[in-house]
Amino acid sequence: MTISVAVSGASGYAGGEVLRLLAGHPDAEIGAITAHSNAGSRLGGLQPHLHALADRILVDTTVENLAGHDVVFLALPHGASAEIAAQLSADTLVIDAGADHRLTDPAAWEKFYGSPHAGSWPYGLPELPGHREKLRGAKRIAVPGCYPTSSLLALTPGFAAGLLEPDDVVIVAASGTSGAGKAAKPHLLGSEVMGGMSPYGVGGGHRHTPEIEQGLSAAAGEQVSISFTPTLAPMARGILTTATAKVRPGVDAAALRAAWETAYADEPFVRVLPEGQWPATKMVVGSNYAALQLAYDPHAGRVIVSAVIDNLTKGTAGGAVQSMNIALGLDEGAGLTLQGVAP
Amino acid sequence: MTISVAVSGASGYAGGEVLRLLAGHPDAEIGAITAHSNAGSRLGGLQPHLHALADRILVDTTVENLAGHDVVFLALPHGASAEIAAQLSADTLVIDAGADHRLTDPAAWEKFYGSPHAGSWPYGLPELPGHREKLRGAKRIAVPGCYPTSSLLALTPGFAAGLLEPDDVVIVAASGTSGAGKAAKPHLLGSEVMGGMSPYGVGGGHRHTPEIEQGLSAAAGEQVSISFTPTLAPMARGILTTATAKVRPGVDAAALRAAWETAYADEPFVRVLPEGQWPATKMVVGSNYAALQLAYDPHAGRVIVSAVIDNLTKGTAGGAVQSMNIALGLDEGAGLTLQGVAP
Amino acid sequence: MTISVAVSGASGYAGGEVLRLLAGHPDAEIGAITAHSNAGSRLGGLQPHLHALADRILVDTTVENLAGHDVVFLALPHGASAEIAAQLSADTLVIDAGADHRLTDPAAWEKFYGSPHAGSWPYGLPELPGHREKLRGAKRIAVPGCYPTSSLLALTPGFAAGLLEPDDVVIVAASGTSGAGKAAKPHLLGSEVMGGMSPYGVGGGHRHTPEIEQGLSAAAGEQVSISFTPTLAPMARGILTTATAKVRPGVDAAALRAAWETAYADEPFVRVLPEGQWPATKMVVGSNYAALQLAYDPHAGRVIVSAVIDNLTKGTAGGAVQSMNIALGLDEGAGLTLQGVAP
Amino acid sequence: MTISVAVSGASGYAGGEVLRLLAGHPDAEIGAITAHSNAGSRLGGLQPHLHALADRILVDTTVENLAGHDVVFLALPHGASAEIAAQLSADTLVIDAGADHRLTDPAAWEKFYGSPHAGSWPYGLPELPGHREKLRGAKRIAVPGCYPTSSLLALTPGFAAGLLEPDDVVIVAASGTSGAGKAAKPHLLGSEVMGGMSPYGVGGGHRHTPEIEQGLSAAAGEQVSISFTPTLAPMARGILTTATAKVRPGVDAAALRAAWETAYADEPFVRVLPEGQWPATKMVVGSNYAALQLAYDPHAGRVIVSAVIDNLTKGTAGGAVQSMNIALGLDEGAGLTLQGVAP
């Protein structure tokens, strides 16, 4: 079975990673590769690591160019995908790596993005309770944000099992710079980021906050509120998420561990590490894996969960391909690597 | 006024940083430079950045070699400094960069370090309430740990002003690798640390936890308990601390901001940045500055404070020199730079 | 066709990379995984990025454990492989990632390694003239060093075509730290290597010098002598080689370009980039590709060639797997990726 | 003696480093701080590491704002400084960190820069033969480029002593990204530069080539031609220069060593390291030192010299301040640190 796939936003980091994965996908045939200002350029000049596709020419991101494929990946600035998706056939699988269709609550969307809500699509994080089923046969998929992917994988088992208090969650995450995209901004220059760390979007304003709360609340069956602080780390790829929550009275370390291990026992791409081994982002560079570890701190009455993903792979393009595979009934792991590239 | 200073542990990172600062101190004359296994070596082979001292020969770390100076810096593995200090004259200013004399509670020491408590010395963080006075004329000074320095600077104003709940503090900190010292361990190899992040000591077991709680509890006038997670970042120097606490009912953003700004209004080395500017570790590399910013997140009911220091300067050697200056009645900033080396 | 493969030295970087590639090889079945001091450990604790193999247990590096496989990879300290290889069946394909069997000249071996010469094996760089044929059906293969791989790919076309002077070659190469191995040495600590560069082995003493000269001389049909300076760069993977040579009288830019393009026109893993595009090591991280560019500097009368490889992939394990594929008659690219992992 | 100093281009890296050094200069009083598009901004928002100057406001780069100071530093795009300098009083010391006045040969200027030559000024590299004398009392100084500084320090002693062939010089240098400035360009993003190396300006076209040849030719007393290849390294600061030349017949290792050691015996900021110790850029970060080492490779008939500087300090702002000190008769090392900030 050969699937024809078009990829938009191909000059950016998310689009490049989608192409990297599709180039190794046994069932995918890469059709149109589109961009905006870079239309007309060789891909090799923009994504020089994609050797097998170096001589492909980017075309304009238009409905005409994207139409006629089995699958269309949209890696566009938010606000741009709804309009394009509306003009693509309902039989085409449209996978949006942007934010437009992630939030179910129009009010939350409008508060954090300041524009009308475009509606919500099935959410491409199959490891959340009940989500894999919703992705089977879906024709529209919203790819989660990278911080929500790691945060939801970190904390969902505890909330789904009723072990955690809903109003005392703190998440601090460190992301590689590719998460900020390829637009040249002074604070993202190598001279600025190498050798240092800094926070950003502190105090509740980060757009991933409502997305994380949406997922945790669904798992908990009650409103969960979080404090989320992202930081920028001197690395190109990877997210390390440190997530903590107060545990409910009577919950002990064994119950916590059992909840997480049970939740992910059959997952191909999420792993609770053996006790005593802590995750490191380099375990998962270029891979679709998420590695977790947790500890119960009785002194603080908290569980601390560390989760690592590659923000471009499991956090964006890998999760997108995994969701595509599920939607189309392919092997869920097709085109995805289990092994990270390390050291 | 010329002060003769001996420096032990001179082949390590803390000792090297003390020497770097003393080489630029207008009143200090560097006497004995001592080491353990590296005694007999040229300093230039071990600390090749200390050009002015390159031809100095390291001698053994013995009481004989350290005695006879006005000031003795001890940068030794914990457990080693108490015995040496006991044999140095009571008139000698002994500044211990190690952990031995930081904790006032013998039970906390024994729980976290597993050895008998050596007693506590005046704590070299002059910005804490009442501490500068205790350092004046002191002959024994315990240099704070690097994580406690940034964590206490981050949260003390809020506790001292009675604005924060004592039992819901979460601190996540990212440190450069120099904080782990110069002993060659596989997980600290460049190949392992470049391009990745990882947590360690998760779940309450880190030895800096009781030290941070000690300082916050003293400021609060009640027992403060924290959840503390350190992470290792791919940079040589710097700590970014993200510290959050629940605010007491009725406390608003203005009250929070006022508490921090008032606390540090007259401090030469601690700065609350203008609103909207967030700290970055590269602001303070090689400098004795601590830069802070805070935000009130009404959604989570929390204050989030970001603090950056250079772990080797304000976090170790700079704090030590600052404390020495206070103890001896010198200009508090002598030998210390305000400017970081950036980019 | 399923090939059983044993991998020795599996706790090091070369062994880990062999395993990473074999885990994705369609025809390989990973048998014994061996180590020396780490025998008995879980692979997941030593190579935590190899998720699919995490629960495999390392066994001792003995002939007994390695025997009985179709292929044996030796990633051992130099001096160790000859003895083991001698005891393995002549029908077993033995691929030595170490130096023991690279040099054909016993005198050169003894001068640079200070031990008796173990003999030479077919040299696993199929892109050199005539080498692919020698690898077909071979049962013993010596994997080239990483610096020789990039240096020989950079300059061989010019020497093979008779365009370059043999006595005025200068090569300066920058390598990532994984090339120095996983043994914990102080100068390889992250604190030391991050943010800086340094040379080593300057002045002709580096053991890769005779290996590079051997290959270039064979291509030139006369003795080529080089000046080779390796430097250590703050990155985990990759080699950037800058290689220059004087061009013979009458040779022009077009002749130079034609020689390189012709030499690699049919190569699956070596690419001369389009004019004006220069290679960067990040193009090839995790990939078996070598990317080249050249320029003629008429002012200096020199050709300058830039070549990039991933030292662990094309420079070691990828070249080894490529050679294995050729020796066994498999698809030359099986298990190897064309795409780098970037950014 | 208090010197009033104005600094233009203060929002860039060169201007920022000048300010950092002047902030610690015992005789300098920082007057106007000027910029182009950032005029009107707080310095603290643009150079957040310059804590002592954080509240200073940048003014426009105009003759009016720069006039009336004893010293004016110009850190402007090339082409901009000649016009401004012409309008400043002949009694004002004008120090140009840009390229405009470095080359003595108008034809070379026009070939590499494509604009009319503005004339040449005394060249601010006091370690070159006869240069310190020319700087004493000078009122116009051209600050050398960063690559020329390290390349000329590396090779001048051999040419001045007549030990080297003039037509076979190869220089390969690795620079930190701050050398490329603060303008946001995609290839300088942290995501692009971290973890990789790349060459640029290959084949004789780099503008520093004629500047290096000018200095070497002056020392040699004959025309020296070089092959120069710069590369971009994943670090913010520092240059590692590998420079090699053929030695004249009859020259041996002792003669080479003696030439270099004699040349720099009395220099305060250049050091030939003890035999066997090789330079590393981290030795000199933030410092005005240049550290060198050399080796004679009899096999290739070449001397190889490694030189390290901080491109922003000795390579730009430090060299500028050192030259200012000489010109004004101040202590040559005032405001300059000998010690690097390491690790």
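Labels for the chains are A, B, C and D, by order of writing; each one numbers its residues from 1.
Rule of thumb we're sticking to: a residue touches a chain if its C-beta (ideal position, glycine included) is under 8 Å from a C-beta of that chain, and two chains touch if they have at least 3 such contacts.
As the structure is a computational prediction, the values presented were derived from the model and not from experiment.
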| item | value |
| --- | --- |
| Chain whose Cα centroid lies at the greatest distance from that of chain C | B |
| Copy pair chain A, chain B: interface residue numbering same or different (half cut) | same |
| Comparison of B-C and B-D (more C-beta pairs in contact) | B-D |
| Geometric centre distance via CA averages, chain D-chain B, whole Å | 35 |
| Centroid distance [mean C-alpha coordinates] between chain C and chain B, Å | 45 |
| Two or more partner chains touched - positions in chain C | 13, 178, 182, 189, 191-192, 194-195, 234-237, 280, 282, 285, 343 |
| Chain A-facing residues of chain B, complex | 168, 170, 172, 174, 189, 191-192, 194-200, 202-204, 209, 225-227, 229, 231, 233-238, 240, 242, 244, 246, 278-282, 285, 293, 295-300, 302, 304, 306, 308, 343 |
| Parts of chain D lying in touch with chain B, wherever the complex brings them together | 13, 16, 20, 23-24, 42, 44-45, 47-52, 54, 178, 182, 194-195, 236-237, 271, 273-274, 277, 280, 282-287, 289, 291, 337-343 |
| List of chain D residues in touch with chain A within their complex | 13, 176-178, 180, 182, 184-186, 188-195, 234-236 |
